[in-house]
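What follows is chain A paired twice: with chain B in the first complex and chain C in the second.
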Partner chain A sequence: MTLASFWRSARAGAWLGWRSESNWTDPFLFALYSLVQPLARLLIPLFMYLVIARLAGGSGAGAGVAGSAGGTTTAGAAAAAGASAAGGAGVRFFDFLYTGNALFLYVGAVLSGMSWVIIEDREFYQMIRYIWIAAPSFPGYLVGRSAAKLAIATVSVSMALLVGWLWLDVPLTIPCSWFPGAQGASLPALLFFFVLGLAASATMGLGMAGANLLSAREGGDRSEALNATLYLFCGAAFPLDVLPGWARPLGLLLPQTYWLEGMRRLLLPPGASFGKTLSGLDLQALLERMAVTGAIWAVIGVGLLWLGLRAARGRGSLDQVTEH
Partner chain B sequence: MSKTVWEATTSRRASSDQAQGEPFQAGSSLGAFLGSRPPGPQPPGRPLPLGWAHLIRLNLRAAWGRAYVRVIGANRELSWVFFEILLPILGTAAYVFIYRAMHAPPAYTGFVILGGAMTAYWTDVLWSMASQLYWEKESSNLEAFFIAPCSRMAILAGMAVGGAFRSTLRAAAILFLGSAIFGVRLPPANPLLLAGVFLLTLGALYGLGMTLASVYLVWGREAWHISTLLQEPVYLAAGLYFPVRALGGIGAGLASLIPLTLGLDAMRQLFYGAQAWGFLTVPAEMGLLAGQAILMLVLAKVSLDHMERLAKQEGRLTLKWQ
Partner chain C sequence: MSTPITPAICVESLTRRFRRTAARRKAWQILFRGERRQDAPPSAQEGRTIAPSAQGCGQNGHALGPEEFWALAGIDLEVRSGELFGLLGPNGAGKTTLIKILATLLAPTSGRAWVAGYDVVSDPYSVRRHINMVSGGETSGYGILTVEENLWLFSQLYGIPTAVARPRIRRLLQVVQLEDKAKSKMNSLSTGQRQKLNFCRGFLSDPDVLFLDEPTLGLDITAARSIRAFVREWMQERPGRTVLLTTHYLAEAEELCDRIAIIDHGRILACGSPADLKSRLELGVELILQVLTPDRSPKSGVRGEQIQEMLQAAGRAVPGLRQLNVTLPDAAAGLSEGGRPVSVAGDDRGPTPGTREKGATVRMLPLSPAGAPIQIQAWLQSEPAAGEFLRQLALAGITLVGIEKREPTLEDVFLHWVGTEPPPAPAETAAGR
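Entry: the complex of A and B
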């Protein structure tokens, strides 16, 4: 497998993925679908936050959270925010929560998207045998297919962050400088962090795709379970300190933990790190840990895909239709 | 083949029933009554020997046959059971930890666990009721449903009863495990009222599922996406993880169109009283749920007939991979 064949398969997979993802309805419903679901996922924690802010500071607090000018917090919101170890000046717990949830949409899109392709092509459209025959690189095809989901997720995440910035006073700051500024933030650092984190999630997705080659349709549930596990342990919605002691090391084994922490530090003002577990690590340390854990997961993911393909072809089940 | 399969089948069934002592009754045929006879003129000769007793028994059998797959079959595959319980628990745990990060009162952990348990019903309604006829179409089973001499409503009712049973097992497991893991003890509540609210909620919820199933009959791939679209936004609107009153009067009022919203709000009020920050009073919510349950069942029948006709007219009834 050469890089050229990988790229060719990825490009064809991306085109097919986009057609398959988007042509089931009219553009309006498609746009609605792409925005409503992720926004709903983000609004659940927002309302949870509002309810607790109301409890902490009376009825005015809830309004204060959503409508506080310039990111200042009311007594209620501050009580709720401060409940989980202090963030920096002007950064509320809600900002941490919202940004983490928004970025986590990428993880779900890449990871579940890539592994779901197997179920979709094999069980629903029954075309995996033709893909296998035609695509010069099967992993390349999988990566390409998930690119369509990544594109949709990019629209969703961008919209979510825009809504947060415009209406919910999430103090987002995109570093525009080419050279490191406060906390080492720079545009190259942001892009590098972003791409490396996505690559780490993609390799996990390849592993799940390998596992799905050997399972029936319930393989989709396994991908969802992995997604939910990552959400629980990687600190997307709450600091790792909130987890019980035995669970924190699990979070430290996941590249997404460092990715989300780093992305938050790059997108929010200084002090956006809530919790003590990761506060001692600077941006470079986060990057190093993400690279190491990502490399370990990449070996596992690619290995699982290789084993899955080998076993499925050996059993003759590569193109099985299980109907259950 | 002048003697149709339909005629042969009903004749065989009639003779079988006669052998079992079923009274031979002349009159309107079952096929005509149910609207499931193949098109074309009524074959001349003797009318179909099927009466009301047979009709009821046939449809109960059909309902049980469809429910059996969910009551017994779905619990045989332990990996399904495991993941169907694990997934909501993982989601529930994440929301519990968010509340803990905000130092919310312990009652909110209970709210989340109750909401997490109810997700089992909503996912069942979406993926195993609403989408079911779409799945059957994709796997070529739908034709069998339509040539069967029973009412389609009996099949949908069987799906609903079986699905409610299966989801209750999962919801109980989520409730038990969630309570054990997070050390939550639900406060005592009036058991009769609680059972009433619960049953009304299920009635309205599965009635909605039956209505949606008929709508999905004419859909192709969009069925899958619409189910995805209705999952998390409904978690939000129904206030599965927070009191629905937080959405405001208009928001909560609109969300009350989903039976899950009122049912969960009433159950929380029964367990937690004023702490639940309820939207309406429990009797009002029970009344609305009862109304919704009746309305949904009527709507399901009307919608099923209409959508079936539409699907046939457009030639999409058994069209796969649209």
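Entry: the complex of A and C
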């Protein structure tokens, strides 16, 4: 399998994915759905946080600014943990939470997007056998198919960040310089971080796709479960410090943890790190750890896909229709 | 020195085991009840002859669990490059399983298979570069895409440049008479139209080896006919193109296939060209004769006994005569001679009223209009026997005014080996064959 065949499969898969994602309704409704659905998903936990923070003695959107220490709720504890390690440069815990949740939309899109392709092609369209025969690179095809979800997620994340910047006072500072500035932030660093983090999530998606090859339609639920687990442990909502002791190592094994931390530091002003566990790491250290954990998950993900394909061919479930 | 020709498909002792039910066995079931297994694939069904190619089946040493069965029980097969090879068998015989293994969709339990020279287990990627597949009666595309878009998508996966793909798509759509639906979404197509689209997708990549799994299932007469014509034309266009076809339509197999294998219970029971398979049946020769008696009388009141005597005399002189049915112009008579495989009896097509018994096998003969020639239906062991029978009739003074020779059909072959009626073809399609 060459890079050319990977690219060929990915390109065709991306085209099909885009048609599949965008072709079910008229463009206006599609655009509306693409914006409203992720925004709603993003705002639900944020409003929960605001309410809890207010009950814990904070003050609305500013509750996270080192002010809700002593709160007994998870959000309060998170804010407290954040307060103890925040750089104190005007970055609220709310900003941490908002950017984390917005960026995590990417993880969900890549992860579930890639694994859902198996269910969709096998159960709904019943085309997986022809794709298997035709595609010179099956992983390439899966990556391509999920690219459409990634594109839609890009619009959603951009809109979410824009809404946060315009109306919720999230102090976004996108580095426009080609050369490293404060905390080593630069546009190339941002792009590199962004792409590497997505690639790490994509390899996890490949692994989930491999697992879905061996399961019936409940495979879709499994992807959701993994997504929720990652959300809990990777610092999208809760800094690692507020997690139980046994859960922190799990968080440290996830490339998404370093990705979100790095992306926050690149997008927010200095001092955007909440929690002692990661605040001691500079951008390069985060990148290194993301690369290492990403490589481990890449091996696991690609291995799972390989095993899944092998086992599916062995069991005859590659093109099964479970009908339940 | 001639170069040996690599077979397009080569299969050696291929087996595939499946679980009978979809229910998964719980861990405790395996722990406490153990895995009761049955050694090796079953031998041939009782009373059924196994073709030489199937000998050696069941020697792979694999075992069956209590819920398992052999979908393929040791297949040996060789399909030559450039050949259109047919697989015939009843439902559940193992045809699709074999095709799935060859198309790398399924792994065999044991045995080996090569397609276009590549091992389907160890080098599936290389196999897939040389093959394509059309399965009948299934969803055949992405409903959200148009017919043209569906085909274009696959052309891109196969790496066909758009400039080449577009005219090829147009040509294929013309073949299946679907060009007016090119811009229609696939989910708006009828089942037959979807099948046509599926067919186009199969030929789009111009594969070296094409698997056609009931490709004309659900197609209308015209489309099925044009598809068969296209398959033949496609095969002739470039020598070396190979097709493995499974079908329930025996006429389709007979029309298209160079060789046919009859498969049942995961075994190849017989393999050869349609003519070869029919001749191996040893059904002999069936002659339908229109004759006139010496007095030139197919006239009212002709005596059946006279005719019977003449035919029996002729029959005695031909050892290879198996059976004789006579239809008289307006009289009914039929006698059988004890011990001889000769009976003078009525038409085989069904019972007729007014049967009268005399001797062994006597059946009422259906009446022909007065003045019509006498019809004789004779089954003979071989061609020489048929020639001898005709000579004896001439010696007896019987004048031959019409002769028709009937060959055994592929359906006879199928019934001989499989023992059950082939599934009925849908009326619309069968009518076209």
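Heads up, the rule we're going with is that the second predicted complex is superposed on the first by the 287 of 324 C-alpha atoms of A that agree within 3 Å, B and C clash if a C-alpha of one lies under 4 Å from a C-alpha of the other, contacts with A are read in each partner's own complex, and residues count from 1 in each chain.
To be clear about the criterion, a contact is a pair of C-beta atoms (placed from the backbone, for glycine too) under 8 Å apart; a residue touches a chain by one contact, two chains touch by 3 or more.
Note that the structure is predicted; figures quoted are calculated from it, not measured.
Enquirer: Will chain C clash with chain B on chain A after the two structures are superposed, or do they fit?
Expert: fit
Enquirer: Contacts for A:Tyr125 in the overlay, against chain B (first) and chain C (second): which applies, first, second, both or neither?
Expert: both
Enquirer: Return first, second, both or neither, reflecting whether A:Gly314 touches chain B, chain C, both chains, or no partner chain.
Expert: A:Gly314 sits against chain C, while chain B stays out of touch.
Enquirer: Contacts for A:Trp24 in the overlay, against chain B (first) and chain C (second): which applies, first, second, both or neither?
Expert: both
Enquirer: Name the chain, either chain B or chain C, that contacts more residues of chain A.
Expert: More residues of chain A are touched by B.
Enquirer: Given Cα centres, how many degrees, to the nearest 10, is the angle at chain A formed with chain B and chain C?
Expert: Result: 70 degrees, to the nearest ten.
Enquirer: For A:Leu260, using the defined touch cut-off, is the partner it touches chain B, chain C, both, or neither? Pick first, second, both or neither.
Expert: Touch partners of A:Leu260: none, neither chain B nor chain C.
Enquirer: Is A:Leu268 touching the first partner chain B, the second partner chain C, both, or neither of them?
Expert: After superposition on chain A, A:Leu268 lies in contact with neither partner.
Enquirer: Name the contact category of A:Met114: first (chain B only), second (chain C only), both, or neither.
Expert: Neither partner.
Enquirer: Using the touch definition from the top, say if A:Ala209 reaches chain B (first), chain C (second), both or neither.
Expert: Neither partner.
Enquirer: Please give the nearest C-alpha separation between chain B and chain C in the three-chain superposition, to the whole Å.
Expert: Checking C-alpha atoms only, chain B sits 5 Å from chain C at its nearest point.
Enquirer: Enumerate the residues of chain A that count as touching chain B in its complex and touching chain C in the other.
Expert: Shared contact residues on chain A (touching chain B in one complex, chain C in the other): 24, 125.
Enquirer: Would you tell me which residues of chain B are touching chain A in their complex?
Expert: Residue positions touching the partner: 77, 79-80, 83-84, 86-87, 90-91, 93-95, 97-105, 108, 138-139, 220-222, 225, 228-229, 231-233, 235-236, 239-243, 246-247, 277, 321.
Enquirer: Going by the contact rule set out above, which residues of chain C touch chain A in the complex?
Expert: Within the complex, chain C contacts chain A at residues 18, 100, 103-107, 125, 128-129, 131-133, 135, 138-139, 141-145, 149, 153-154, 156-159, 201, 205.
Enquirer: Touching residues of chain A toward chain B in the complex: what are they?
Expert: Per the touch definition, chain A meets chain B at residues 24-25, 29, 32-33, 36-37, 40-41, 43-45, 47-52, 54-55, 62, 80, 83-84, 93, 97, 124-125, 218, 221-222, 224-225, 228-229, 231-232, 237-239, 242-243, 323-324.
Enquirer: Per the contact definition, I'd like the list of chain A residues that touch chain C in the complex.
Expert: For this pair, the touching residues of chain A are 1, 5, 8-9, 11-12, 15-16, 19-20, 23-24, 125-127, 129-136, 141, 310, 313-314, 316, 318-319.
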